[in-house]
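Several structures are given next for inspection.
In what comes next, subunit A is part of two complexes: it sits with subunit B in the first one and with subunit C in the second one.
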Partner chain A sequence: MNKKILVTATPLLFFIVLLMFLLKGLFSDPKERDSALIGKSMPSFELPDLMNEKVIHSETTLKGEAVLLNVWGTWCITCKYELPYLTKLRQEYDVKIVGLYYDQNHAPEFGQYADIPSIRVEVVDMTNRLGNPYLYNILDLDRTLSLNLGVTGAPETFLIDKNGIVRAHHMGDVNERVWRDKLAPIWNEMN
Partner chain B sequence: MIPELGNFALYIAFSFSLLLSVFPLIGLAKDNRRLMELAPNLTLGLFAFTLIAFLSLVYAFLTDDFTVLNVAQNSNTALPTHFKFAASFGSHEGSFLLWLLMQSGWAFAVAVWSKTLPAEMRTRVLMVLGWICVGFYAYIITVSNPFDRTLPYFPVDGKDLNPLLQDIGMIIHPPLLYMGYVGLSVCFAFAIAALLSGNLDSTWAKWSRPWTAAAWGFLTLGITIGSWWAYAELGWGGWWFWDPVENASFMPWLVATALLHSLAVSEKRNAFKSWTVFLAIAAFSLSLLGTFLVRSGVIVSVHAFATDPARGVFILILLAIVIGGSLLLYMLRASNIQSVGKFKMFSREAMLWGNNVFLVAATLIVLLGTLLPLVHKELGLGTISIGEPFFNQMFAIIILPFAMMLGVSPLVRWKQDKLNKFVKQPLIIVLASFVIAYAWIYLEFGDVKGAALLGVFLFNWIVLFTAVELKQTLAKVSFTKVPMSHFAMVVGHIGLAFVIAGVGLTSQYSTQRDVKMNIGDSADLDGYTFTFNKIRNIDGPNYEGWAADMTIYQGGQLEANLLAEKRYYPVQRNTMTEAAIDDGFFRDLYVSLGERLPDGAWALRVYVKPYVRWIWIGGILISLAGLFVIMDKRYRNRNKSVTEGALA
Partner chain C sequence: MRILLLLILSFSSIAFATEDVIDFESKKQEELYRVLVKELRCPKCQNQNIADSNAVVAKDMRVKTVELVKQGKNKQEVVDYMVDRYGQFAHYQPPLNSATLLLWVVPIGFMLLALLLLSRRSINKEDGLSVAPVVEEDDELKALLEEANVDVKQQKGNS
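For the complex of A and B:
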């Protein structure tokens, strides 16, 4: 064996190490953060109400009663399908539902700003048509709370107990099956 | 019907790639000429059927065939026709079909222009390209078929193309970039063929050099236009973001640049042999790695396509086989290569070796910066992000010695040169470059900033040395006798000088202001007065919105009339800022329209960006260098030797 092979083998070894990381990266589950979040307190925040920027909500507003926090936006197609079912939950099971609204297009670093008045119009229009499950909506314009909650898209749903502890997290729409199998047991336990 | 035809053509093309990867191999093993000579014809079939598949997809887009899933998700009846065409490669599936079209196109081009190559070499090169094709075609057929149907329940209208992609830049940027990426597979195939045959003399370098130059020229142009597109379309005046996907295109470019220089040494001096082979493998490997990063969702980026783990796994396996296999072959074969060309510490070879060291170091920096966040996370150390400051700082360090060397090297002789010849002239040029740079910046901007001074100094240094070198060359031979590849070097180096000066100046002296304006208001910035004349409604084919009419004066002189738009695309419910730009050789004036404020005023952002255009002018000059290399007589003479061969 000549010595030069040690040199010419370096790229291959480097590549194999890289390959292992890429493989691991491919399967590393972004949902891992869930387990870290559940059982912890809601991250602290101070955010305005969607309909009235003078009303400020914080993590303390959520305490005292168990709530279902629903992350959504009018731009999100799946959220539209979810609205009627959430409304039903509110009406039939008396679930307290709070919306966490974020705007997809708000990106100040790209020179794009959310047009809040027209968002309000859209929200009212959509909830009139499809049902309004929300007690109120928190506007998370800079997505700080969503980020702290580990939200990766919309819709996502959190169950928060009366002490402000996150008890469940669901990605995707809440429908009858998800409610029955995943969320209802935890909800009933919380109340 | 047409989509089925396309689908069918894709399967036939896949069969051709299988045949292309097997028959020549048997032919080589049995020394059967007829089997070997099948390779070029199989390549023609591969290309022809891929073209049919691609045209079928374009047809589906142009005719609004929403029974095709890909069309339904990426087009809309209201989309203008030229964007419908662009939409056919705006999605993951469509862009991959374009990739295949180019892959088969390059293979076919090699088959056409390689008739003078020894039959065995030609067969090997085409066979290696066939192997690559098998992987890619298998990928598109199994997990990424662009002809999947929405039947039986198809939508009446499509979801429209992402508005960000509705720009002329989007029509030309991806094809150019892919031409570059895929083109690098040709020199890869030459390198693998040379390794397989064990015959790594200077001839493979000579054969593969024009191909490498062509691919590299496309890659350069693709990156340049991508940068311009980001500047014009993202609406905030940036032109390079060190985004993982940009990095993914920049890494193969850096390595391909190193490869071009190293090929010159291999060809002319028979040195750097195993190193050149390695670079050829690395350049294509990095373009594959880039594809993986963009399409697997491993790394988050604004460019990322919709992700699907099955695709990620498939590409990763492909990566493991192609890159792993070729590096293994390299390990086994390259260890036996003896470099024969001898050279001294101070010689053209040494200078080009230095060039390669810097370019590879730059590649490693980009690779590190791109992948470290991933590695960090997977090691359980939490998420980190590596941003612009890291890259900017590292490149600022590298560029000084690199560009200084780049200026001098063309004057240094092959094999050995006398160092003491290079004392007086560089001293004069250093001084002249510095004085000119200082005076230039002081007179134009007043405040002299370090990074800008560095940029302009290097610009002067490269331009002056290039002029000296050109003068020396023309003293020896007449203008028409100078080989085109020499002009390639000149134009490429000058192009880089433009990029460096542009980056230095625009990064330091660009100014911007966020202003709140009512109709009739004016805002001053950097000696320019921006006046907001009126706002009007616009009504485009698939969007609506507002346009702000602005006039810009400088010292009472009208400079520009601009229309900055804010567009709303109802189908995608997306708002887009369409910046208005007055471009100039020395400065760009840039206006982007923000939102309407509750009191009826508008938020606007205005920029003055001096010398930003030099970056793209430089990029275009650099890509011209690729064209000039191909035009070099040494590579063109082939046709003549074909006829000579036929006569003999």
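For the complex of A and C:
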């Protein structure tokens, strides 16, 4: 009798496990990745300011205060929708936001070069229209810092504490839900 | 039918047509590069290696792979470099650790279970345990058949 129950229950059990597995997949975000950098210090870099190439930023510029590092570009449509909310974060929660400008087109090995003056014009125009959350922008033209940070595209956001340790990495836009559920708890812990 | 097959085959080759021409110092380095771009996974894409993807990040990873290979780094060093930045996701061959243990253990477990069940079954047959009930059922069946025959005869007699 026991054996009979076991035989009938096994396919059912197997089915339930499969169902749960598939159900979980239905609600998981396929773009969600575990970042390899969390808990590690910010990779070292020396990159110019977007607006003035004579100003050089490095990992020490970011130390001393907790910052939100936002990877973005004017070519990126999601970043556009993110600008007003980031501006709100700067104004209402006093979040220190630094931009990492990610240019898609610059690829010297393929003979493509970015046009920096026109990027500057676009950035000024866009931030005037939609809000400017950035204290300053770091220009990562050949995307070396982005590669070292494990950036897969734009927008992406990092929370870096005052000692320069990466505490959070979010892929995709920052909106009210993401800020409340994911980033704000870490941000509050850091400050 | 043949034309259709030819069409399908000619389309499938497009996916592998993004090969860059790079000058390596040695044949060995070039081979290493070819292996690496097939084994490294594009972190932006759902399921593509960096050789097949045209995403910006895949291009950057290819450029970095060339640079590292030319520096004389071996395969494991290049893989580690990418995994340090993009996580285990960036490599198509998962290592054995606590997170991937199930992947390795479950198939082996299933095979062992199947072997166990099979061997148990054959032992049961050898014991002759499974034969006994058949005889009992046979007797019951004979009794039922006889009863039915009697019924039929009776019905014929009545009509």
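The rule is simple: the second predicted complex is superposed on the first by the 156 of 191 C-alpha atoms of A that agree within 3 Å, B and C clash if a C-alpha of one lies under 4 Å from a C-alpha of the other, contacts with A are read in each partner's own complex, and residues count from 1 in each chain.
Note that contacts are C-beta pairs under 8 Å (C-beta built on N, C-alpha and C of every residue); 3 or more make two chains touch, one makes a residue touch a chain.
Because the structure is a prediction, the values reported are computed rather than measured.
In the superposition on chain A, A:Leu37 makes contact with subunit C only, not with subunit B. In the superposition on chain A, A:Arg143 contacts subunit C only, with no contact to subunit B. In the superposed model, A:Val55 makes contact with neither subunit B nor subunit C. Contacts of A:Tyr113 after superposition: subunit B is touched, whereas subunit C is not reached.
Of the two partner chains placed around the shared chain by superposition, subunit C is the only one that A:Val151 touches, whereas subunit B remains out of contact. When the two structures are aligned on the shared chain, A:Leu135 is found in touch with neither subunit B nor subunit C.
Overlap of the subunit B and subunit C interfaces on subunit A: residues 109-110. Residue ranges of subunit A in contact with subunit B, taken from their complex: 2, 4-5, 7-9, 11-12, 15-16, 18-19, 21-28, 74-75, 105, 109-115, 117. Taken in their complex, subunit A has these residues touching subunit C: 30, 33-37, 104, 107, 109-110, 143, 146-153. Across the interface of their complex, subunit A is touched by residues 43-44, 46, 55-57, 59-61, 63-64, 83-89 of subunit C. Residue ranges on subunit B touching subunit A, taken from their complex, read 234-236, 274, 278, 281-282, 285, 292, 296-299, 309, 312-313, 316, 319-320, 323-324, 327-328, 330-332, 334-336, 371, 374-375, 377-378, 573-577, 579, 592, 594-596, 598, 603, 605.
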